[in-house]
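Both complexes below contain chain A, partnered by chain B and then by chain C.
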Partner chain A sequence: MLRRILGRGQPVAAGVPAATAEPTQPLETETEKHDYAVASEWELMWYKFKRHRLALICGVVVLLLYVVAAFVEFIAPYNPEAQNPAAAYQAPTRVHFVDAEGNFHLQPFVYGTTSQRNPDTFELEFVEDTSVIHPLQLFVRGDSYRMWGLFDANLHLFGVEDPNVRLYLLGADRQGRDMFSRIVHGTRISMSIGLVGVVMSFVIGIVVGGISGYFGGTVDLVVQRIIEFIRSMPTIPLWLGLAAALPADWSILQIYFAITVILSLIGWTGLAQVVRGRALALREEDFIMAARLSGTSRTRIIVRHMVPSFMSHIIAALTLAVPEMIIAETALSFLGLGLRYPAISWGVLLQEAQNLRSIALAPWLLAPGAMVVIAVLALNFFGDGLRDAADPYKR
Partner chain B sequence: MGRYIIQRIVLTIPTIFAISIVSFVIIQLPPGDFLTAYITTLESGGQVVDQAQIDALRNQYGLGEPVHIQYLKWISRTLVGDFGYSFQWQRPVSELIGERMLMTIILSVASLLLVWAISLPIGIYSAVKQYSPGDYFFTFISFIGLGIPNFLLALVLMWWAYSYLGMSVGGLFSQQYADAPWSLARVLDLLAHLWIPAIVLAVGGIAGLIRIMRANLLDELPRLYVTTARAKGMKEGRLVLKYPVRVALNPFVSTIGWTLPGLVSGSIIVSVVLNLPTTGPMLLTALQSQDMYLAGAILLLLSVLTVIGTLISDILLAWLDPRIRFN
Partner chain C sequence: MSVAEQNAARSSDTARARHRLLDVRKLTKHYPITEGLLRREVARVRAVDDVTFHVDTGETLGLVGESGCGKTSTGRCLLRAIDPTSGEMVFDYGDGRVVDIAKLEGRALKDLRKDMQMVFQDPFSSLNPRWTLLDLVGEPLVAFRVAKGRELEDRVAELLRRVGLRPEYLRRYPHAFSGGERQRISIARALALNPRLVVADEPVSALDVSVRAQTLNLLEDLQQELGLTYIFISHDLSVVQHICDRVVVMYVGQVVEVADTSSLFFTPKHPYTEALLSAVPKPDPDLASSRIVLKGEVADPSNVPKGCAFHPRCPYAVDHCRQVEPKLETLGDGRQVRCHRAHELSLSGVE
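Moving on to the complex of A and B:
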């Protein structure tokens, strides 16, 4: 009730046909000006979105992250579980262009390392062996994996040919596993849990928001109360409480879906409010009234007129909801109540960084956190751009 | 005004009822009842289980009876301040959570004040000097602030302070005051430690509120009343603060409704990272060891506190803005 005054009012979707709409900003080229007059709604959105440079760049980053998530086995140079006790907490391998004699190489290369224990501190120390150069190569044969559960392969995007030399782009963890490969593998769960969670919240949001909007009156009032109630609860304790009840013997897949369900059970309210708000605003629009007066059926009005009008807003709202889910999963897994070993997500990887002594020794253990920040920022800016572009007829 | 306040208070009753049900459900979620867990703990500790005592407990908590009876027994004991027994700590829950609850409240309120104190001037500046380098700078910073989960910030801060300053930023008290009774020195010690977690917690809220304040003020600034005042020769600084800021301030107060749950929620995880003596770490261990009466009590109290905080903010808002109390 009080939140109505919060923030700027939602822009009202205009149902004005494209031809009569005035162009918003000065147009860049003559061709675009010509296009503008005949452009469809989605083309107009694309023009508007393109002007938002940062959003465009972030859109590319988001796309890249999902491509990585799809091809983790191929992109990661190693099996994420391959242990190497001799390389515990090894610092990131340095990639060289200039060798020990001062010669420049166009192709980047690394040196092999040998480890020895310091007799005084008992810490492992790593020494580069500068006699042999190991060039970094594309498409290297390495650890074998099963791609998407369909076929076996051992091709990796990049790596070093010599199996005795290991490349630690982002260092190694306690058990000498390659952090880079682990982070790449974490991308799949961390990025997808956001998507799956948002789709699930969206379904709940649409159903509840739809019911609330369709029946109106008391039902609407009750639903709004429930939404307000859920929003007034501190979410993390609730998530923790629900996640703690998951049986310990469940498989990764079961836990994964249970966690998404838990996240969406609490996360759907924001989306439901967007859906309801858009639907209510649209109901008052002239073109809906016109359609109703000309005898269009209710279903047809919803499917042909209302849904296309708020689709773009919904997509923007969905995009902005994904980073929240990613943060939530990371937080839960970090606390040990979300996904657990042997699942790999950025939150699970961050568990290793809970101990102050290990981060002081190996700051690269915080790298999964950097990935979370990159993903969240990229999605936020991308979603922001989408939201601005969602209504190309505005002003 | 009085009528509005009563109305709001009455409206929170169903909310608190719903919270109690959610908490009760979470207590019931783990398989088995808490007594079986209790007996297992006792036996694994090599203690002899007294059957008479178990039966007495079983009767007291209504275990084995229908769920609604169990709920009624639980809620009626809770209402008189008996939150049950923590088998992990071997003490009544009410004894355990008092001071930790207080610390959670202090931390949340401190962060809330910090959120306001920082975002108000920056929000005004960003709106008045729209598109200035300063505005771009704060916009950029606030987007970054929104993107960084606060527990990560806490982690990085802790690592940075440990590696480069050689100090530990965890905790809310120095060692000698940790278990000391309350005194002026202890309060000062708390204040000296409080600001770091408070800032960590506040960052997200500050970033969000700067955006809201800026947007609201930008909506107000082109209004005719502003032009009128300016045309009459009012000084710009006085004008901005006296009229548009007051209107734009409204959402500021109403956002407590979501700032506060966010802060309480964030305080849980930040406390775990920074090892603060709040309810956060206790809730986590209670959930991990399925000490459900303790976990349920913390959950219930945190949520009720949030609702009360929101209630206070709504009343404040009505006091500030007559349009709300007459609507």
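Moving on to the complex of A and C:
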């Protein structure tokens, strides 16, 4: 059994603790030593998490994704449903710093595009009109929207002033809708379905895992067998079956919640196992018995001793459960069994990329897939970092 | 009267007349071994089997034996950290109240905590790492609503001083302390409610050899100052010889010998005690732990040998030992032994 002090000390055999518990790598000053001595669990976890660079960066990415999800209407330059037949499958607009005459501009700009049908292939071809420069600007007035159902606005984070020039940062789809705006809008459903699903699994997981770990014995055995059974079921057919059973006339909102329920029906098992594992480990800890022997009430032991020891582990497990949900939603929607038009999620957007022709013609339609990959990786690395930091007292 | 005066009064009382503090009669703790989904009991571990002994005020009673002989289980039953299977544990509060710990429930059980406390073996797992010293040492005071706020801080600071820690450490967390210091924190916590009896379960076994002596001295000093009574659980006979007044030797859940320390060490009456003494390792500063290693296997407490439980390992065993289980007998000089041949054998102790 090895014990590490904050991970920066050398391992010390548990039977023979060092005479003083100062970290072996000397702390520079008295203040530092004092800070370490009075550092709470969350501070110790933060020290530990900070050293995990990748997790830290991914944490920032995750945060950004949720900020985007909160402010989609403002961040997307256009209404995601605004169609423009003249721009069908238009390639991503090029952002320039150097104009046609070779002059450098500090402010990025775009050129307007004109489309014409190629007489041989009957495909639309796009030509940049280099006569007028349209600078990219922050805080532009554009399509109006209703923010969070509370107030009307038309301010967008960025865009071009001229309403006749369309900016297609990630190209356009079959109906000439801006893919970038659509992906930004998809962030809201895709990222939040993970959260809502996880909250639901969390409730089931905590209750079932807590019961299993607290009572142990037969209850635990039965619950464990059930969990193993659920885990051994192939998930895709199960989802398909459940999702296919949803009435076709349900509203987007109803479908959305039905999908989260379906996802969390399977997702809770992992959380339940984390909770059970912690509960069983805690039963072995002497400080729980010590608290009881000090006359501390059962409720207080649960609230002040057990829950805080669970907390960090549960947060890490929750974070790691979100990407599973995101993938699941994407898969279902992609197969047409989850959310459907007019809902916008990354999975729904990927449906557009289902045929070979559109992929060959407009590979940017796969961009929502890239977003899924980014979101899932960021959440996974972030969650890994959290999990590693979750127990700063690990022996 | 201040706490210190009360304690001084208590300790001079005890000097004048020792009386029974705790009487343990036929204490038994069996753990069922179950199998399958229905938890069918297939066997039982007889961790504590018909244990009888007593503790007088102001003394230190040692509880010794090999690993797995039921020392911890006995100690935990005494505090009702676990519930005994059967038996009585009569505790005398010294103010006229005499209770059977085995029968206490609810409020009365909580009240017992004020007078009986425990020091754990592992100073790392017995302190919640998320709590400051103020919370940890103050936990019993808060639980019994003895003090809060400023007064709580003062009481905790005083307790820390008492166990040799700086009172400024109030806001620190246990991770800033060594094993020896943590054990002092545990001791401070155990003393917070001013108990009469402290059960110390191998309080120094997990500590570095260099801090063991300090910790034992602290325990002895506190006993003097506060008039405490200790039940000291240990497998380390040299520690027991140093600190205990009387010793209870256990083997596979049973008491095999009870005697005052010097008699036990110089003239053991039970072959198991003799074997334990012969296996005491020579003091070796390089050796972190001095586990007793005896010849032969310790009997399995879920499958105790017929007759005398020690007979498979006993060099003096005769046929009678294999057939009939010996009883715990009181010899002429008040010593107790569980051996058919106690009268005839002449065993060797430490020189």
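The criterion applied here is as follows: the second predicted complex is superposed on the first by the 358 of 395 C-alpha atoms of A that agree within 3 Å, B and C clash if a C-alpha of one lies under 4 Å from a C-alpha of the other, contacts with A are read in each partner's own complex, and residues count from 1 in each chain.
As a convention for this text, a contact is a pair of C-beta atoms (placed from the backbone, for glycine too) under 8 Å apart; a residue touches a chain by one contact, two chains touch by 3 or more.
The structure displayed is predicted, hence computed values, not measured ones.
J.: Which partner does A:Ser181 reach: the first (chain B), the second (chain C), both, or neither?
T.: Neither partner.
J.: Quick one: is A:Ser309 in contact with chain B, with chain C, with both, or with neither? Answer first, second, both or neither.
T.: It touches chain C, and chain B stays clear.
J.: Answer with first, second, both or neither: which of chain B and chain C does A:Ile359 touch in the superposed model?
T.: The answer is first: A:Ile359 touches chain B but not chain C.
J.: When the two structures are overlaid on chain A, which partner does A:Arg231 contact: first (chain B), second (chain C), both, or neither?
T.: It touches chain B, and chain C stays clear.
J.: Looking at A:Asp286 after the superposition, I want to know if it touches chain B, chain C, both of them or none. Which is it: first, second, both, neither?
T.: So A:Asp286 only meets chain C here.
J.: Tell me which partner A:Gly295 touches in the superposition: chain B (first), chain C (second), both or neither.
T.: A:Gly295 sits against chain C, while chain B stays out of touch.
J.: Applying the document's definition of touch, where does A:Leu44 land relative to chain B and chain C: first, second, both, or neither?
T.: second
J.: Looking at the overlay, what does A:Val222 touch: chain B (first), chain C (second), both, or neither?
T.: second
J.: Do chain B and chain C touch any of the same residues on chain A, and if so, which?
T.: 3, 5-6
J.: Within their complex, state which residues of chain B touch chain A.
T.: That would be residues 14-15, 18-19, 22, 26, 29-31, 143-144, 146-149, 151-152, 155-156, 158-159, 162-163, 168, 212, 215-216, 219, 250-251, 254-255, 257-258, 261-262, 264-266, 268-269, 272-273, 283-284, 287-288, 290, 295, 298-299, 302-303, 306-307, 310, 314, 317, 324 of chain B.
J.: Which residues of chain A touch chain C once you look at their complex with the stated criterion?
T.: The contact residues of chain A facing chain C are 3, 5-6, 13-21, 36-41, 44, 217-218, 221-222, 284-287, 289-297, 300, 305, 308-309, 392-393, 395.
J.: Chain B touches which residues of chain A in the complex?
T.: 2-3, 5-8, 225, 229, 231-238, 240-242, 244-245, 247, 323, 327, 330-331, 334-337, 350, 353-354, 356, 359-360, 363, 366, 369, 372-373, 376-377, 380-381
J.: Can you name the residues of chain C that touch chain A in the complex?
T.: The touching residues are 34, 37-39, 79, 81, 110, 113-114, 117-118, 120-130, 132, 139-140, 142-144, 169, 171-173, 175-181, 186, 189, 192-193, 206-211, 288-289.
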